[in-house]
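Take a look at the structures listed below.
Each of the next two complexes has subunit A plus one other chain: subunit B in the first, subunit C in the second.
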Partner chain A sequence: MAMIHNRSRHRLTAYSLILPFVAIFALVFGYPVIEVIRMSFTDAPLIGEGEWVGWDNYKRLFSDRLFYTSVINNGYFVLLTVVPTTVIALMISLAVNRLSGRMQALALVFFFTPYVLPVSVVTQIWAWMLDFQFGILQPVLEFFTGKPVPVFKNPFWVMPAVALVTIWWTNGFNVLLFIAGLRNIPEELYEAAKLDGATRRQLFFRVTWPLLWPVTALVLTLQLILQLKIFDQVYLLSEGGPFNSSYVLLLMVYREAFQLNNGGYAAAVSLVLFLLIVVISVLQFQLLRVGGKDK
Partner chain B sequence: MSGVKLTNVRKSFGGHDVIRDVSLEVPKGDFGVFVGPSGCGKSTLLRMIAGLEETSGGKIEIGGRNVTAVEPAQRGVAMVFQSYALYPHLSVAENMGFSLRLSRAPRAEREEKVREAARILQLTDHLDKKPSALSGGQRQRVAIGRAIVREPDVFLFDEPLSNLDAELRVQMRLELTRLHRQIGATMIYVTHDQVEAMTLADDIFVLKGGHVMQSGRPLSLYDDPDNRFVAGFIGSPAMNFVDAVVSDSDDSGFTARAEEGELRVALQGPKPGAGTQLVLGVRPEHLEPLETGGLPVKVEVAEELGGNSYVHSRSASGKDIVFERRGNRESLEGRDLQLSAPADKVFAFTPEGERLR
Partner chain C sequence: MTRQRRIENAALTGLTMVGGLIWVFPLYWAFVTSIRSENRVVSDEAGLLPDEFNLSSYIDALFNSSLIDWYINSIGTSVIVTAIVLVTGMMCAYALSQMRFPGRKLLYLVVLGSFMVPAQALVVPQFVLMNDMGLINRWGGIILPQLVVPVVIIVYKQFFDAVPKEMKEAVVLDGGGDYTLLFRVYLPLNWGITTALGIITFIMTWNAFLWPFLVITTEDMMTIPVGITQVNDAFGVAYARIMSVALLAAAPVVIAYLIFQKRVTEAVMISSGVKG
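Presenting the complex of A and B:
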């Protein structure tokens, strides 16, 4: 009897401990999600109720050319950022890891500082640096292209420029993750490999890379989720232009909901984006895990 | 296969000398053991031989070849680390064949060598497992297997048994001795455990503060230590030391007063004059309770080990004096005794720790 009594008390304690979290989570996440799903089947404005319209919003969405432009731009942005930022972070962390104590801390501070800045400051800095008339980076562009380029007003340059800003801004965090991963690899493994006759190249590809793979998979997945949600930088630097060449899904949500007052339609777009992120990131993580196991 | 010879080897870390002028030789095919308390530089010295630490001065030769400035992989040495340093993402077979994989040796040769090493170490059933699925002793054997596969001239062991439990340690100690007989390669082994040193070594090198205090065969170090440090370090339980003053000397040795008692010391060389301050050392197995003469002590506790027992007693000045008894079951606890030892089993040291011979 005592056992049973104890167990039910045990369960009661457990429920009472998780209840506050579940309640708050239901209020600020569960409820809005259900509301968004419901809203996406109505023609509601941003505030107030609307008529039930069934699948109309989705039908409209899949025949909306701007939606496809946005999906493609999102994909292009992911290509421009996820793998490059991971590779760059890995290379920086390998370099920083070779520095000794104090210098390493200093280098980490340098690489991490941009991450601390708010997005508006970051975009302002780069808007100045790449300013068509006064930007100090214009001579560099001029050197390669022969003439100054208004990067945020040029359909070819705008996405790579936003990607560059994003990588500069967020790379420090990935460097930290990689540094933590590198520090977890015991020095003795390298010593043993050196005695076994490993070259620098072999040390990296046979020891560092396989042992760092879990961290790499994590960074890739986090980056994918983060970069699919691109909004602030585009909104602040190019507002989706020129000619919608930097129009992305979240920008579309924002326009439809807050500027065109189409709450229902915006809800449908954001749900599609949500499903896209879930499917792609789960898929990617699974793929990376399988890839890691083969090594 | 070849021996290892160090000549005036030095190592300093940022102005701090860790190894000061070490010269030693481990002959070809011998089992050499570096032993000493922690911080004595024994691991550093081993890592210098491996090439993992740079040498600040002096010369390291392996098989007559000067390797002081040679890359670790080209020295013909293999090392077994205290932490085993197995690659967690590779199987046992891949771990053991790693060096051959790196040098792109043919697959057949690699598999053959791994199989042979696995046979010697009884790892054949575990070749496909990951290191995380193995016990400590098995991991240790994989690490040794990785060394065997490389067929090095010299095996280096850096405290390889200190992460194992006591029983396994004894077993692995025997296996290492057997392995050494089987392979016949030169081996250098670092440990802080003098029992491991005594049981494994052909030659022991006792290190302290970056110096070799004494080297030689285990029993010669035990029977004939050069100084107080080696006398106290080798042997378990440790040698008893008492302060003494010389009272009288003759042709065969001298008599000294110590702890309100008297000990007779045999000495061949020059005898110290009366009144000289000395330290006398006697091993527990050489002390014997007598009716009269010797050192007066009061017995406190006895550690009964069955065949023998170690009796802890206290001298007049409060020093812990340990002596061994064999086959005697009668309890001595709380009794006052006189302890004495044969004159040729009592060692005399200067207060600075040098042995008088």
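Presenting the complex of A and C:
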């Protein structure tokens, strides 16, 4: 009797511990997941009920040119950010890691501070840096192009510029992950390799790089997911323009739902974005794992 | 060390520091701009070095915008989100890690799975829900959808799993229950993790843009990251003022980071699982 009593009390305690999280989760996560799926099959406005329309939203989506533009822009942005930021972060972390004491702390502050800034602070600073008339970086652009460029109003420059801003903003996070990874590599390995007469280059490619691979894979995966969800910077710097040259999927969700009042259609776009992220990140994860095993 | 090696090392160090200075240059430039007068900012004589100490745009920003309201909203909502996320997270993680109950596996799978769902894909139904609950333009509306942070549970669970069983026995012998265990043993043993997760959650919430931007439409209810975008619209192109507002908006987190550098650095490393 006592045993049974104890066990049910144990369970009750467990349920009381998980209840707060589960209740919040069900309300603001579980229910919206179901709702976004249901809404995507209706022609509902943002607020209010709609009619069931079956697959219409998806049919419309796959014949919507703006959808393809967005997907391509999302892909382009991923190309411009994910690998470059990983390489840059790796280089910076190697450079910072060989410093010691106060010098290292100071270097870390330099490279990490942008990460703690709100996105709108970042975009305002860069809008000023790259301002068409008075931007301090315009002479640099002029040097390469021969004339000042209104970067966020130019279809060619807008995505690379947003990518630059994004890398500046988020790179510090990746640097920290790499530094943590570097600190995990036992010093003895380097000493042993040095005794064997390894050069600096060999130390990097035979010791550092293979042992750092798991962190590299993590950074690549996190970055890929993060950059697929690009919205804030694009919205604040170019609003998807000019001529939709920086229009991305999440911007499409925003515009359809909150400006054009097409809740159902926006839900369909959201779901496609979600599926895209899941499929790509699972694929990438598998790929990177295989890549890691070769080493 | 050979002479050549020493020179090489010094050069590398110098290069790193110069690189770092270039990296923070935009912040420096924002500061220099913010302490100039608007006329000076756009004049040809404006050089790279600070040549004026004009605080008028700061005073303007503080008194002629709703900056103070935005601070209050940001601090209030971020503190509440962080507190609730930590408490509900550690309770749930404790149950998952230390207790046996039907549904445990399922719950853990759901937590792991929700890690994959981008919150941004849910903004449409979440907005409808907040509207139904009458929480548009309210703190509740900003807070509620930001309360699900699965990574907090995952990290807590890992650390609770690693607590040696002997720690438990003494409390159990004294007749202490699971709540006592959690708050008297597991939590104190993992203060470091709590601080780390708290810092990460706070920075994340403080800097959140998309959700507060959607759920708030009146200026006095905005958070800092959303509010300062209004300054552009209000001031037109007035870069000294825009930079002052931007720097004032960034100041609390940047100052907190500079004071707690080591903790913040560790927090990022721990919560991403690279450092145990």
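We take it that the second predicted complex is superposed on the first by the 275 of 295 C-alpha atoms of A that agree within 3 Å, B and C clash if a C-alpha of one lies under 4 Å from a C-alpha of the other, contacts with A are read in each partner's own complex, and residues count from 1 in each chain.
What we mean here is this: contacts are C-beta pairs under 8 Å (C-beta built on N, C-alpha and C of every residue); 3 or more make two chains touch, one makes a residue touch a chain.
Source: prediction; values computed, not measured.
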item	value
Clash or fit, subunit B versus subunit C on superposed subunit A	fit
Broader residue contact with subunit A after superposition on the shared chain, subunit B or subunit C	C
First, second, both or neither for A:59, with subunit B first and subunit C second	neither
Partner chain in contact with A:11 - subunit B first, subunit C second, else both or neither	second
Contacts of A:281 with subunit B and subunit C, given as first, second, both or neither	second
Touching partner for A:24 - first (subunit B), second (subunit C), both, neither	second
Touching partner for A:192 - first (subunit B), second (subunit C), both, neither	first
Subunit C versus subunit B - closest C-alpha approach in the superposed model, Å	6
Overlapping contact positions on subunit A, where the subunit C interface meets the subunit B interface	none
In the complex, subunit C residues that touch subunit A	9, 12-13, 15-17, 19-21, 23-24, 26-27, 29-30, 33, 41-42, 84, 87-89, 91-92, 94-96, 99-102, 104, 107, 110, 114, 116-118, 120-129, 131, 144-145, 147-148, 153, 177-179, 182, 203, 206-207, 209-210, 214, 224-226, 228-229, 232, 239, 242-243, 246-247, 249-250, 253-254, 257-258, 261-262, 264-265, 268-269, 272-275
Touching residues on subunit A, where the partner in the complex is subunit C	10-11, 13-15, 17-18, 20-22, 24-25, 27-29, 31-33, 35-36, 39, 46-47, 92, 95-96, 98-99, 103, 105-114, 116-121, 124-126, 128-129, 131, 133-134, 136, 168, 173, 176-177, 179-181, 183-184, 215, 218, 222, 225, 228-229, 231-232, 236, 250, 253-254, 257-258, 263, 266-267, 270-271, 273-274, 277-278, 281
Residues of subunit B touching subunit A in the complex	50-52, 71-73, 77-79, 81, 83, 85, 87-89, 98-99, 101-103, 146, 150
Residues of subunit A touching subunit B in the complex	186, 188-189, 191-199, 202, 206-207, 210-211, 295
